[in-house]
């Protein structure tokens, strides 16, 4: 790590290399990702689970307004963490890519193909001047020819494929939790439980159905399905994650 | 929060990330929003209410000149706070989007659709170089298929959906007032009273009919209607918010 | 207000926000407006009056050379204050807009419409890089469907509608004078007297017919008419504002 | 006036406003004008006189090489002061405007029209980025419908109409001389004498026919005529301005 | 080598020369290459071997996700080291070049031709402003008319042809290992063993089949073939490079 | 003259005015002219002489390689001083202008016309951003309708007409020499001798035929003729300027 | 020479003049040339010789990979020194120019014509913003109408014609060696020997056939011919320049 004076030198112009070969604007965009609440993805043989912590800042804000899960196509879901307005741009981009694929080739876009389209787009913003990188990470989960796939995109434009992964706040702890608790033969329901428990693990093992979005793409149906509040509720109960009555606004307040 | 020297480093070029992942130009544009007088939106099952504090700087200025409520389409109203000239640009943009939708699809634009068109436009000004962000926040309220909707756009280009919300000066106090006094089963009239009392709460609980704009979009009629001075007057009386005879120019003087 | 070091940081690049949400280049353009001599507009039920202080720097300069009143169309007059070369650009722009309106719609442009065309144009120069804001304010006065209207544009691109207003040097004192002496039922002649006395108020209550331009748009005729020197003279006598024989160059010398 | 540190801040980028509302690059361009030798214009009822101090730096330089008077059209003359290469651009621009006018409308261009074409062109270089202002002032003198007109353009792009005016070095002294000696009823010959004596006044009341260019546009002929050396000589003798035998190169040496 | 202050001066703008004739942004991009895990290429008379260290950061990450070997065409393989997102751009570029060659000329692209296409592309990003250099090095290996060829591209856009070479982390040690152990008459199998032992040499002479990608292009078949895990396993056993049971995550952790 | 700190402020951006109205980049380009060896032009009633000091840096360099005289058209010659690569651009530009003139008008270009074409081109590089001024001065000599003409262009884009002039190193001394020795009635041969003696005057009154280029355009023939080495030799002998045997490389070594 | 602080001021922007009239970016590009190994050109009446020191950094690198001699057309060879990737761009440019000439005029391009095409191209990169100069020097040698010609291009875009010349590292010593040993009546073989001995002179008078490229264009055949290793070997033996067995990697290691 370098001193503050040197860092200042790098953030004035376009995205350029520092003497030790790093792209500071990209690293700072990663900080923007960490400022967002966490999203978690879990891949099981039966399908992919996406779950997102969406604790609202205010009781008057519509929970749907902080939606962090999005349908990219019938068979693909997206979860985001970081700068919300940037996330919306990438999600729109992904949807258009999926549509274009159906129009051109008459078939659903592959999960890996979509991911690479998105990361190519992101990379451009890190190399060509006149714009800043995207301050957002995405999880792209879906089923391709019956096989569940789960990808991550980061602000540098690198695609990663995962069995289970988290993006956003407290990634370190969440990733550790996933590594300790993941196994290759989870059912989709067990995967869903794992995702919820992972998010709860950073909140005294408690979750409010209003404060979490959950969606699945099952290998069987190949359909993106977002769970209703009641369904989430029952999974929370099942996993023993009901909130106690402390006000969970405290946690939300730390966010941007 | 960081020191002054470091902040200076970020405001010279285009909108870029700071080491902690924030976009300073966007944060400063949020300050421009806070410099404007407040607007309040309240959503009830019977419709949406928009109200705006528009205390004039001078008795010679036409009150209509500081209009802060605008009709975007027959079924949608807009309220703004912040840099006035920027607000006008976004309002014109929103109106064009609404017109285009009618021309293309032969039907009124959805509230959420319009909001996302506007926030996409705003986001571009925060990512691509050669321009600054918009220094304004909007409330977008209307009725879509009989359902009242109320959105906020901020200078980052993020859309939020609210039950009740305020933008501009003293947002903290106003939002707190709304949280304490809002309930889900308000009538439209009660919602209108809440909006007026909220604005009055930052002015010793007094309001002048000249100094506030009020408009509603009722779920029944789906029509944007701006209240006349007399109608506002009667609501002020009803809610016991008549001004005492102290000169209310004092409060106005603090504005830009 | 902020320290000098911080201000320097903001004037190097394009027009951007300062940490407290202000656009310094726009604020500095407002200073350019204050460096120009004053113009005053007064709206009465019988029509609009525009008057401009145009004390010349030299007895050899043609008084018409410092013209500050301009006809935009048969029914609209313009008064300017600030950077003269910028003013000429905006005046030309306004004239073209008025012509285009007649060509397209076969009818005179509305006063408000024209004002908003002009302010939209001004706003662009405050948001998109590669140019500076206009260092000028305009008064736009005219009659629309028999109703007198009086608008102000400022360097931010905000339109204001007024009963009576001044732009340029000593705006504070002039505006105070107008507020104290304006009433809603002035005749056009009384309005003209008020405008002249306001300008004279900043010059020991004296005026030289050579040193002031006066024009009216009467509600009856809807015609922009600039007064001759003799007509101005008689109004000066009528209002008891004849200059004593002190050389009035002293006052002029302070200008740019 | 401001300190040196602050000024430095303003000359690095495009032409922008300083905190007190001035355009430094334009002010500096005015300094470039002052670095050039003086030109003088005098308007009489019988026509316009242009005279220019063109003392050469070297006896080997052709006097025509430092020409500062130029014919813009048969009825219009131009005098310049300041950055010579910039002056040539504006003179070419003015000539093209005059030609275009004849082609389009079949008649000579008006003096005021030409002046405003030129100042509009100059103004663009003070507002749009990527170029610097013109470091030159022009006198534009001619006869329009039998009436003599005399205009000045400055680096800000402002047009001024004058009875008599000087641009370039020692403008203060020259303008004072003109004010003291001008009268409205001069003959063209008397105007010519005034122009020569004004220039001589800054040089111990001496002039060399080689060191001054003189031209007239008479109201009768409406023809731009540049005087021959002999004609200038006789006017010098007539006005008692013959040089004594001190070498006048001293004065020239101070120039750029 | 120069001091830190001086280096800072060079990384703010476009890629420019330092006083001692170096392009700092290119040198910094070379540091980005060193931050990536190593890839090794070995050329034998029987074909080319590419091997890449791809130790994953997490047991949950799919090994294929950190793929560092890529097929450019049926007869050409690519290995990369450095900034992953940049690598993907160059790999796509190379693939398109290979396709275009087949379309235009009806034959496979030559290895040297492809390399020079790629390096020309890279060089542009080091000379023309508005973008940064690519932070990646590539190995391009294949068979052309029966002859194995092995090239390296670096961030300056220089092509090098090698008998055996490594790029990325610990290049110094790896290159030394290759120089000591390479001989011109290796079989393809021996070349493969050399590549694996070289990579293992920086890891206590141990390799995990999951942590290394291996591919060959044999001179006989002219086909790019990526080895399966089992095939890699058997080569590891053959070369006595089985990992002991220490957790090899430690090594991976140092990476970006 | 100003301090060093202030100067630094002006050389970072495009060519802009300093507070005292100078264009520093143009002044610095003038320094580049002074770094080149001298060229001299002499105009006589019988024709124009161009002579250039071209002392080579090395005995192995072809003397023609440092050519400083060039034919622009059959009747026009060019001499340059300063940045050689820039000179070549302007010479090519002048040649194209001369050709275009012949094509368009069927006649040779005028000397003054050509000069002004060139200076207009030069001026553009001093006003519009994105490029630097030309670091070169030219002498343009020729015969137009039987009359010899001699012009100079400088880096600001100003044209000067001369009887005799020098550009490049030691201009002050050379110009003084020319002023003392020039007379209006020189024969072409005497003009040639003057040019050679002027150049020799800065070199202990010695010249080497290899180290000087000489060309003439006679008024009679209107043909540009470059002298052969032998012809130059005989003029050197005639004017008693033969070098003594000291190595004249010393002088050359000081050049760039 | 100037202080370090001042130099820093010049390398941040585009290529601009320093107060003493130098182009620092061009001077720094010359340093890049000096960082490359030397190339030598010798012109004899029988033809031109090009020789280049290409000592490789590693025994595993293919000697052809550091090729520094290139065929531009059948009758023209190129040698380069400096930034390798830049050299490739210029070599490609030269080849295209030669091809275009054959297509357009049906004849081989002249050596001087080609050189000037190349230097015009180089000059553009030193005057227009948005790119940096080329960090490379070229030797362009060939035969034109039976006459051998040898040119050098430098980073400023200046063409020089030479009898014998070196570019790159240790130019001072090499040029001195050539001046002492060159004579105008060398045979092509003698020229070749001179070139080799010159390169060897900076390496303890030893040369390895692998470490040097040699090519000739004979006046008789007008064909560019690159010598085989064996041919080079025999010349080395002939000139008594065989390496002793000290490892010559030491010398190579100093290079970039």
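We call the chains A, B, C, D, E, F and G, going by the order they appear; numbering starts again at 1 in every chain.
Assume a contact is a pair of C-beta atoms (placed from the backbone, for glycine too) under 8 Å apart; a residue touches a chain by one contact, two chains touch by 3 or more.
The model shown is predicted, which means the values in this text are computed figures rather than measured ones.
Trainee: Name, by label, each chain that touches both members of the pair chain B and chain F.
Mentor: Chains that touch both chain B and chain F, as defined above, do not exist here.
Trainee: Among the remaining chains, which ones contact both chain B and chain E?
Mentor: A
Trainee: Could you work out how far chain C has to rotate to sit on chain F, using CA atoms and steps of 5 degrees?
Mentor: It works out to 105 degrees.
Trainee: Indicate the whole-number Å distance between the mean C-alpha point of chain A and the mean C-alpha point of chain C.
Mentor: 56
Trainee: What is the distance, in whole Å, between the centres of chain D and chain E, each centre taken as the mean of its C-alpha atoms?
Mentor: 69
Trainee: In angstrom, rounded to a whole number, how far apart do the mean CA points of chain A and chain E lie?
Mentor: Chain centres of chain A and chain E, defined by C-alpha means, are spaced 31 Å apart.
Trainee: What residues in chain F touch two or more of the other chains?
Mentor: Residues 12-13, 129-130.
Trainee: Considering only which chains touch which, label the overall pattern as line, ring, star, complete or other.
Mentor: ring
Trainee: How would you write out the ring, from chain F onward through chain G?
Mentor: Moving around the ring in the direction of chain G from chain F, the order is F, G, E, A, B, C, D.
Trainee: Could you please specify the touching residues of chain G with respect to chain F in the complex?
Mentor: Contacts found on chain G: 6, 9-10, 12-23, 116, 119-120, 122-123, 126-130, 151, 156-165, 175, 178-179, 182.
Trainee: What residues on chain B touch chain C, complex-wise?
Mentor: Against chain C, the touching part of chain B is residues 4, 7-8, 11-13, 24-25, 28-35, 58-62, 64-66, 83-86, 88-89, 92, 125, 129-135, 256.
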